[in-house]
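Handing you a structure now.
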């Protein structure tokens, strides 16, 4: 009998089914990995187990007893604890106060007693803390350890860790798995949500693979090879459509040795006029920082960026936009548009200083309307009036408008962050079709997507990023789905 | 916010503004006509309202400018006071050519300089402009108070005031309607407002200001130097508040005295909040605040304490703020 | 020696309202509610103490009225910022306007202005003991209590605080209740040292307290120290009235300006640490 037994779990958000009829079991004393690509349903499933989400169908059994978890407090009462991807440690508070926050045993805090019990929990695991120093001074690894102690403080028997190594150095990650092994040997049930294959193969006992919200397989790790696992995660390749070869021209964007903290490490690549390049990788591996550095919104520590032959490493975002750089930004509401503004005002954003939007500092409202109309029609944005706030459109229609804006004036270098997000199939084809047309007309584009199949289907070539390191597949592997899949998961090709 | 909560707020504000009137021995048959007469109903009311209107309008323009850039210029009171004081100082110096223009320019400059530390702290240090503005306001009260009790004081006057300006340095009224005087400051204020409206609608500078104030991140991605835009807007806001103070001296009071702005800078925040996104709404908004101030001044003379204006204006600000909050939430 | 004793007692007396308003502000801002309305809350307290004390002839009823009046204003602040999700600055400014207006109105009403001449005062010793006990208790809760931990957590990051099971909105209401009580006591103290209620008699003490709070980076023990120092500065102002220092008689405004000037310098990074609670002003 498994300690944790989820049966036939289905969870829908509106018309979207996040997980469908998924079974999941985990034993005491074992480390269980839950793997899959972004959007595979891993976190949703674990939030069901943690009581943060209620399933539409299916049952949750804990210790062979059927339970209904109405909230996280129910789950905590049943000995379930979860460490979220984003930590819950408050930097301004000392470690010992963070440890007990929300689980104090009385109206007065006894620092000495807390630290004594905390030490008793920490020592067997080999953890050492400066309990009285603010958590802000702790390394990401130490923060992670504190999160685990928080679960132990609350007497958790089952511990769920969502992407626990995302922020950790390789050495810290290794140490973490040592700790988890020790906890498992002490009788705890450990569940790790991850997308990093080496961790699964080296650190875990069991593995469950989800893809597209469905259970693919659940099996012991022993005897499993990396290629087998990668294949299970990304699935069999679909036949990529025939792409016309690009007519390559000048190098329009050259990035050399770009380094930014731990996010980007010596990233070098170039885009030539005429090509559409896909940047494959799992979310959070440096894509965001790379695009922001190229835009000039983030300042890299070192490296150079050349745009159409000009060194723009030190140039302002405004100057880069003037030199023909365009962005289809990731976060529509924060970065790409001003939600409360009408479409017509959003149309000018970024190019508002230049014709047709303005001349000599004076705005040309008539020309702006004409341009806005064209942007909206480019990808068939559904709207009532150019004067309606863009925030009132559906996400897909917002994205159509924004893509229309970025591709409005041809030429130039387009950076696109998940441009197809929120679009239906026709919309996806529209956007990639436009990006292709843009490149075939002499422009170039770099597309970030977490969906490898989407990139394989539409891009001329693919580069990968993992842990801030950019890699270019060897020519013979340029369209090898599994090889690229392994590269983006941090494996050797 | 639910509809019921909103109704409750309206009721509380109405009770705050009108309830106190029934605590006085003055019967409604007296205060109702006075309320109307001293604001719009009679020429003397118009005279009072017009006098109150100009500084509130220009102050409103000042605060509005900063507000659209996403900054609270709660320091308008201090900037206005320092502006008035600087104008008074230059205007009372021995005569020299162009004195009037330079006096007004000094007021504008002083207001801008008084806003500068708050703008710089916000832009370069991330310090909240409201905290530094509160400190700067207090410093402005103390500095101008000391000046007008000491070096700038009219030795022949009992109170803390300067001498009257020379006739040649006063702005003569353009027109007189009975006791109501219309001076050049009001048309200037209206021109500023219309200018701001034009700038906002037709110049890229106005577009960038609005972008930064609405969504600074999106503005940065669109290549707009958000910090610089905010810094400039704040300095200009201070300069305009200084202008409001300067005109108070040359066009209205013709002297500087201790605490002469008497909360007009704070009222300007209410004027700007009420006007919302449209600068042309600053005029009716300032008129409402001016009329309320005039009405309570008039009612003070028949025995209703002046504090009523604070209750009314504070209540109004709460109502507008809750209404605009609703609009913002609608986008989420 | 007696001169020193006078200076010492003056300092304490002048520092008390700063300490009370300062701790009121600490509770509010540590919970995440930006509070520029301390001045108004002090003023309302002083006025209520004067009016009710004079009307009933009982200074303790006056004190109760002060506590109630300040608390009502403070809970209104909580209501506006938490339920109506109003901007903390706008709400605070409007409440200050209302406080100035209401106190002027009430104190100038004919039926009260007569009686107001008959001031009754809570004996300082009684008031002082209440204040000492209260500050000690609150200090203990903040530094060593569960309540203080929750207050800190909510003000630093309401989202994370919710994750560990706290209720940020409820904690903020409680914090603002405390702010009201402190400011009510502060108003009572100011009245107990005055000859009657006058407009704006709090004379910026709420803003000095805010300055102290910012200056010390929102920390309780340094806050106590800063309020005492600011009280001493005000007291020195009395000592050096008309007495030349370094050959000049410094105007009283120079002394009065010190707290604000020092705080501005601190904000500019030239003194102290002014790191605010990370969640201050966040809904």
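Labels A, B and C are assigned to the chains in the order they are written; within every chain, residues are numbered from 1.
Just so it is clear, a contact is a pair of C-beta atoms (placed from the backbone, for glycine too) under 8 Å apart; a residue touches a chain by one contact, two chains touch by 3 or more.
All values reported here derive from a predicted model rather than from experimental measurement.
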Chain-level touch network, classified as line, ring, star, complete or other: complete
Chain whose average C-alpha position is farthest from subunit C's own: A
Where subunit A and subunit C are represented by their mean Cα positions, the distance between them in whole Å: 47
Centroid distance [mean C-alpha coordinates] between subunit C and subunit B, Å: 27
Complex contact set, residues of subunit A against subunit B: 295, 297, 316-322, 327, 329, 334-341, 345, 348-350, 352-353, 358, 361-363, 365, 389, 391
Subunit B-touching residues of subunit C, taken from the complex the two chains share: 34, 36, 80, 83-87, 89-91, 93-111, 204, 207, 210-211, 214, 251, 253, 256-257, 260-261, 263-264, 267-269, 274, 276, 281
For the subunit C and subunit A complex, residues of the former touching the latter: 144-147, 149-150, 152-153, 156-157, 160-161, 163-166, 277-278
Residues of subunit B touching subunit A in the complex: 201-205, 207-208, 211, 214-215, 217-218, 220-225, 328, 331
Contacting residues of subunit B [partner subunit C, same complex]: 1, 5, 9, 16, 20, 23-25, 72, 74, 117, 121, 125, 127-128, 130-132, 134-136, 138-139, 141-143, 145-146, 150, 263, 266, 269-270, 273, 303, 305-315, 317-318, 321-322, 325, 329
